[in-house]
Amino acid sequence: MSDNIYQNLTMLGGDTKQPASPEEAVLERVPNPQADVNYAVRFTAPEFTSLCPMTGQPDFAHLVIDYVPGDWLVESKSLKLFLTSFRNHGAFHEDCSVTVARRLIDTLEPRWLRLGGYWYPRGGIPIDIFYQTGEVPAGVWVPDQGVSTYRGRG
Amino acid sequence: MSDNIYQNLTMLGGDTKQPASPEEAVLERVPNPQADVNYAVRFTAPEFTSLCPMTGQPDFAHLVIDYVPGDWLVESKSLKLFLTSFRNHGAFHEDCSVTVARRLIDTLEPRWLRLGGYWYPRGGIPIDIFYQTGEVPAGVWVPDQGVSTYRGRG
Amino acid sequence: MSDNIYQNLTMLGGDTKQPASPEEAVLERVPNPQADVNYAVRFTAPEFTSLCPMTGQPDFAHLVIDYVPGDWLVESKSLKLFLTSFRNHGAFHEDCSVTVARRLIDTLEPRWLRLGGYWYPRGGIPIDIFYQTGEVPAGVWVPDQGVSTYRGRG
Amino acid sequence: MSDNIYQNLTMLGGDTKQPASPEEAVLERVPNPQADVNYAVRFTAPEFTSLCPMTGQPDFAHLVIDYVPGDWLVESKSLKLFLTSFRNHGAFHEDCSVTVARRLIDTLEPRWLRLGGYWYPRGGIPIDIFYQTGEVPAGVWVPDQGVSTYRGRG
Amino acid sequence: MSDNIYQNLTMLGGDTKQPASPEEAVLERVPNPQADVNYAVRFTAPEFTSLCPMTGQPDFAHLVIDYVPGDWLVESKSLKLFLTSFRNHGAFHEDCSVTVARRLIDTLEPRWLRLGGYWYPRGGIPIDIFYQTGEVPAGVWVPDQGVSTYRGRG
Amino acid sequence: MSDNIYQNLTMLGGDTKQPASPEEAVLERVPNPQADVNYAVRFTAPEFTSLCPMTGQPDFAHLVIDYVPGDWLVESKSLKLFLTSFRNHGAFHEDCSVTVARRLIDTLEPRWLRLGGYWYPRGGIPIDIFYQTGEVPAGVWVPDQGVSTYRGRG
Amino acid sequence: MSDNIYQNLTMLGGDTKQPASPEEAVLERVPNPQADVNYAVRFTAPEFTSLCPMTGQPDFAHLVIDYVPGDWLVESKSLKLFLTSFRNHGAFHEDCSVTVARRLIDTLEPRWLRLGGYWYPRGGIPIDIFYQTGEVPAGVWVPDQGVSTYRGRG
Amino acid sequence: MSDNIYQNLTMLGGDTKQPASPEEAVLERVPNPQADVNYAVRFTAPEFTSLCPMTGQPDFAHLVIDYVPGDWLVESKSLKLFLTSFRNHGAFHEDCSVTVARRLIDTLEPRWLRLGGYWYPRGGIPIDIFYQTGEVPAGVWVPDQGVSTYRGRG
Amino acid sequence: MSDNIYQNLTMLGGDTKQPASPEEAVLERVPNPQADVNYAVRFTAPEFTSLCPMTGQPDFAHLVIDYVPGDWLVESKSLKLFLTSFRNHGAFHEDCSVTVARRLIDTLEPRWLRLGGYWYPRGGIPIDIFYQTGEVPAGVWVPDQGVSTYRGRG
Amino acid sequence: MSDNIYQNLTMLGGDTKQPASPEEAVLERVPNPQADVNYAVRFTAPEFTSLCPMTGQPDFAHLVIDYVPGDWLVESKSLKLFLTSFRNHGAFHEDCSVTVARRLIDTLEPRWLRLGGYWYPRGGIPIDIFYQTGEVPAGVWVPDQGVSTYRGRG
């Protein structure tokens, strides 16, 4: 096993303060203990919320993040705090979704990353955002995210 | 069989004009060919639309109507035209749903009637309306309408 | 076991001719081998079709029949032929559904019977018929038929 | 129709400021246009979030509210703002869910009210809260809320 | 704990021979370690098969058995062998289902027992059998068996 | 963030009048704040309705639109008004669906666009329309729209 | 719009007689109003029935037809009458399904066509038929038909 | 609010040691902040595991616990530790499920309690246990636990 | 039509004896009436059972067979008898599944064949077998078999 | 058939002791009886549990393993014991999932292997791991694992 990979982390197990904005949030990373092979990691975050920059009212999204790690894994508690840091942040759906992805890319330098942002409906019409850094690397398996399309009622 | 029950109808098979409002719409009825027993009839109308009286924007609903006929059955084409007549009609959800039920009750004098109105979300929060004329008559079977509660995303 | 209960049947295993109408169809019955207790039997017939008496076009229904046998069970092949005999028969949904139930009641003299007729949509609005002979007998268990309400699209 | 029931409202269509806490939030009510009959109204609010009073971290819930109005309906925009006002409010699951119900009861004086609070899992074990003011009034129909029990994975 | 309740069993852990018929099969019972309270036990057996007594061809069923034990629990391995013993046994659906229930009742003398037999379709029409010994005892909870009604195709 | 991209819009937040026809409707666009990468945007519009040009009766559809923006995003309120403008417009299913797609293409000049139109059944047979401007651009991820095929009843 | 494309049709709106066999049925076609682009059209027909040529007993199928029109669209009422014309026609599953497809190909000269025939079980084993004229044309999108595999019971 | 109800707890937020057996585990309780009304609380624990007392091999269960608190609520972290304490404990399904319920009853003295234990299959036949302390108290609402019956394959 | 293709069959309609083993079973074939095109045929057999060669206890599987016929179709009654012939046959899952496929290949000389064997769990871990003769032939459409992965409980 | 392939096994049918750690566990293999063709085998193990190396608290996962055997099959009882051996083993999700795969690869030398690890949520965000040894071998069929993405509540 590889439990020493976590020795330099600042947040795990301690009394971490909730960051007030995405800018304040610190994404931490740990060495990938299986870096000699390609595999994909999925995080499913159904508890994402931000604010509408026009009206200030809350928006909600279900986010699914897939990535193929290179040298680094994201530390999961710092990921949670980073996602939570959008709680008082104003952002449009298209922009916000891609921004989350880009922060992860900057920190992790993954071999590949995909983000699906499934937003709750506004005006009866939800928006979903599908972003990835390009083709899935050859020989890697990433199943469909499988989040249902919005269906209204009935 | 009992096909002569339809002989006095004005709409079936003819060139019926679409009524411009619920007031113009005529609900027709035919004799109940099985009036000596109690049974329930369900109509499912997933294509209902009206207008918001405050903003003029369209509202949509999935309606399910259950009734136990007495002497009369509703003629199905006239029911469709009646429901369609709300297309340019302003109505709040609570009021509109109960109003549809009451028109049917006035016309059919059923032994019992239930209406479920499952409205599409506005502001992220859909409204459902559940109305019935009282307890299901003794010995009658009416299964649940089984329309899913709204679940947002994920 | 009780396999001699089938000895007087005319149809089972033989070359039965398809009856041309419900009137021609013969419902056969066999002695209930467990008549000293109350239990329920469900037949699910998703392949029912008849004709619209107004237009002559085919109608389709999914039928579910529950009954608590008394002295008799319905012989299943004769039930199938009886249901098939509506293929060229004109009938309205409400009337046809209750008629099927009544023929079974006449033949079987059951302690109780329920019929659900779930018709395919016409004009975008399907009709379901729910009939039973009265309250479920005390101490008998009959689960919900569980046929989904029509939901349109999406 | 009954559109004058909304004439005294302060929030509908205007530039409403988001209340900072449940205490600041004002639940508004309008006359029930169908007060002579009993019917039930369901609001489904899958976008509820509050804070854990021990850790300050966000909690999420899916709320479903059913009520049988008496003289008053809740005005839906004020309901939304009231629910949103818990965003920066610390509350335990059991207490918070019942508190939401009680505020609605105080404002609406309904004939009956039910609230289901379906919280997202913490420590792998979600909590659901089921509250109602007593038996459903006689003759009123309220279908199951039908929110799935948490199932883990697989 | 109560592991000595199994000390007199003949089958558990040993080299049990498969019984050739229901008559040869021995249902074993163990003392109910919680006999001072009422609770229900459900066994779900989706691997049941017998033979059609008319044609000799295999029939298949999904069985669900609920019971409220009195002094005895059924020993689960003997239950499995008992159900398997129908593999070469000719039996009609109605009779076979009730017979399984009766053997359990004879052996266990339960406070209450229910059996649902969900048979695979023959001639396009499956048969389900619903048997119980009478009303569920007061204060006992037994959820629906929840086996889907057959739906054909589509 | 990029909230100034909305500064030239005419409709957002104001008192927009509902356009009477698709011709009157104005689709607005805003600069794509993430134009340096390829990503896909999905709008799900389950509240679409138009008129049958032969009979004048309402038709209903569930629309799902996917596109890969180039320099422009569609402004979501103008999209809603555009879709609503078909409410009194006569159109056949095949033609109407492709026409909606083409208006979006003309306005947005996207890198790629796909439209699925899932129409409610007429005569028991629904029509679905699947249109896209060609292959999904290399390296872009667009999950299946996942709208269920119509299944009739049962 | 393009409503004059229907001017030469013989059946639409008139009193069309039901054809007695597939040979008598006339498939009509109308000009494709969007012939300059490739798109797919799906018809879902869950109400198909024919006869078994060996036993004369009814067979049922759920049909899904996808095609990419060239110069012609199928007129939907004539399609319905054509499918209904198999009602008294004897046909094996494999042969019948492909025959339906071939008649459409002959009439429409489509760029591509696919037919899925999902037959109800006989002898406990349903047959599904999957036919297409070859690879989906480059750049065209046709989602999976998504009809569930038969699952028996449980 | 009522956050001081947690002031005497020993485990929350601290470094709690995992108890080695159910006997060592300490269930903690906190005052019910809404004790003047009846409501139900549901815990869903899909991560339960114990050992088979005959073979020593792991067993798994999905547990759902509903209760109507009186003066006390269970503290959720101590509940988790209590459930985890069965990890190395030998227990038969019937006995173990009821034992979990009884410990909660002893600690909480609830107005009512229900436990559903849904065990993973052994020998192809899963066991479910349904226990409650008697009828649901008058006026209290507890929805079905809604855990699917085991279905085998297909 | 092509009903003379069945003229040389020995089993259809006659009194066929159940073969005692796979070796005794005779797979019959009939000429492919649509041999000039490529299409796929799916058989779904949820009623498969064999014996464990180590313990002699019954095993169960849900089989799905897809093939692209060349000159021959399998005769469906002989297929049923062949599958039933495994009832008293000892076979491991991997070996048995591939063996079924190979017998079909030997008899039918199909252009391509695929078999999915979905076995019921033993020891809590089911085995599925996926076999095909190679790539699906170019231009042929075979949808996913869509049998759910085993999910345990919850 | 090929039942002699199991003759050298040490565990099957005997009194196997549960290994205390993955290091102690012995994966056994048997000759592949169908080694001349390529096929895939799926094991679904919804009962996997290990310990968090930071907190010592149990983690749970649903594992699905697909492989294309070469000369060897894994012996299923030894696979079960190997998976169970993680019960008291500390391991992070990413590392543990890939480690399970690698042990199987070392033992079986398969032509290809895929492992999906679907972990229960911690902190509201579950992790899934998707690993395979590279592209699926040409001509081999492996359907999607089809484990649902986590969806939170609602």
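Residue numbering begins at 1 within each chain, and the chains themselves are lettered A, B, C, D, E, F, G, H, I and J in the order written.
Criterion: a contact is a pair of C-beta atoms (placed from the backbone, for glycine too) under 8 Å apart; a residue touches a chain by one contact, two chains touch by 3 or more.
Keep in mind that this is a model prediction, so the values were computed, not measured.
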Which chains lie in contact with each of subunit D and subunit G?
H, I
Going only through chains that touch each other, how many steps at minimum separate subunit B from subunit F?
1
Interface repeat test, B-F vs E-H, A-B or A-D, passes over-half contact pair overlap for A-D
Averaged over CA atoms, how far is the centre of subunit D from the centre of subunit J? Could you give it in whole Å?
45
Rounded Å distance, subunit C centre to subunit I centre (Cα mean):
33
Suppose each chain is reduced to the average of its Cα coordinates; what separation in Å results between subunit B and subunit C?
28
For subunit J, residues contacting two or more additional chains:
46-47, 60, 62, 120-122, 124, 126, 144-145, 147, 150-154
If you go through all the chains, which pairs of them touch?
A-B, A-C, A-D, A-F, A-J, B-C, B-D, B-F, B-J, C-E, C-F, C-G, D-H, D-I, D-J, E-F, E-G, E-H, E-I, F-G, G-H, G-I, H-I, H-J, I-J
Quick one: which bits of subunit J touch subunit H in the complex? Just the residue numbers, please.
18, 46-47, 49, 56-58, 60, 84, 87, 120
Touch list for subunit J against partner subunit A, complex
53-55, 90-92, 94-95, 97-98, 114, 116, 121-135, 144-145, 147-153
Within their complex, state which residues of subunit D touch subunit B.
1-3, 5-6, 12-13, 32-34, 37, 39-47, 62, 64, 69, 73, 76-77, 79-80, 83, 138-147
Per the contact definition, I'd like the list of subunit J residues that touch subunit D in the complex.
46, 60-62, 118-122, 124, 126, 147, 150, 152-154
Over in the complex, which subunit H residues touch subunit G? Could you list them?
151-152, 154
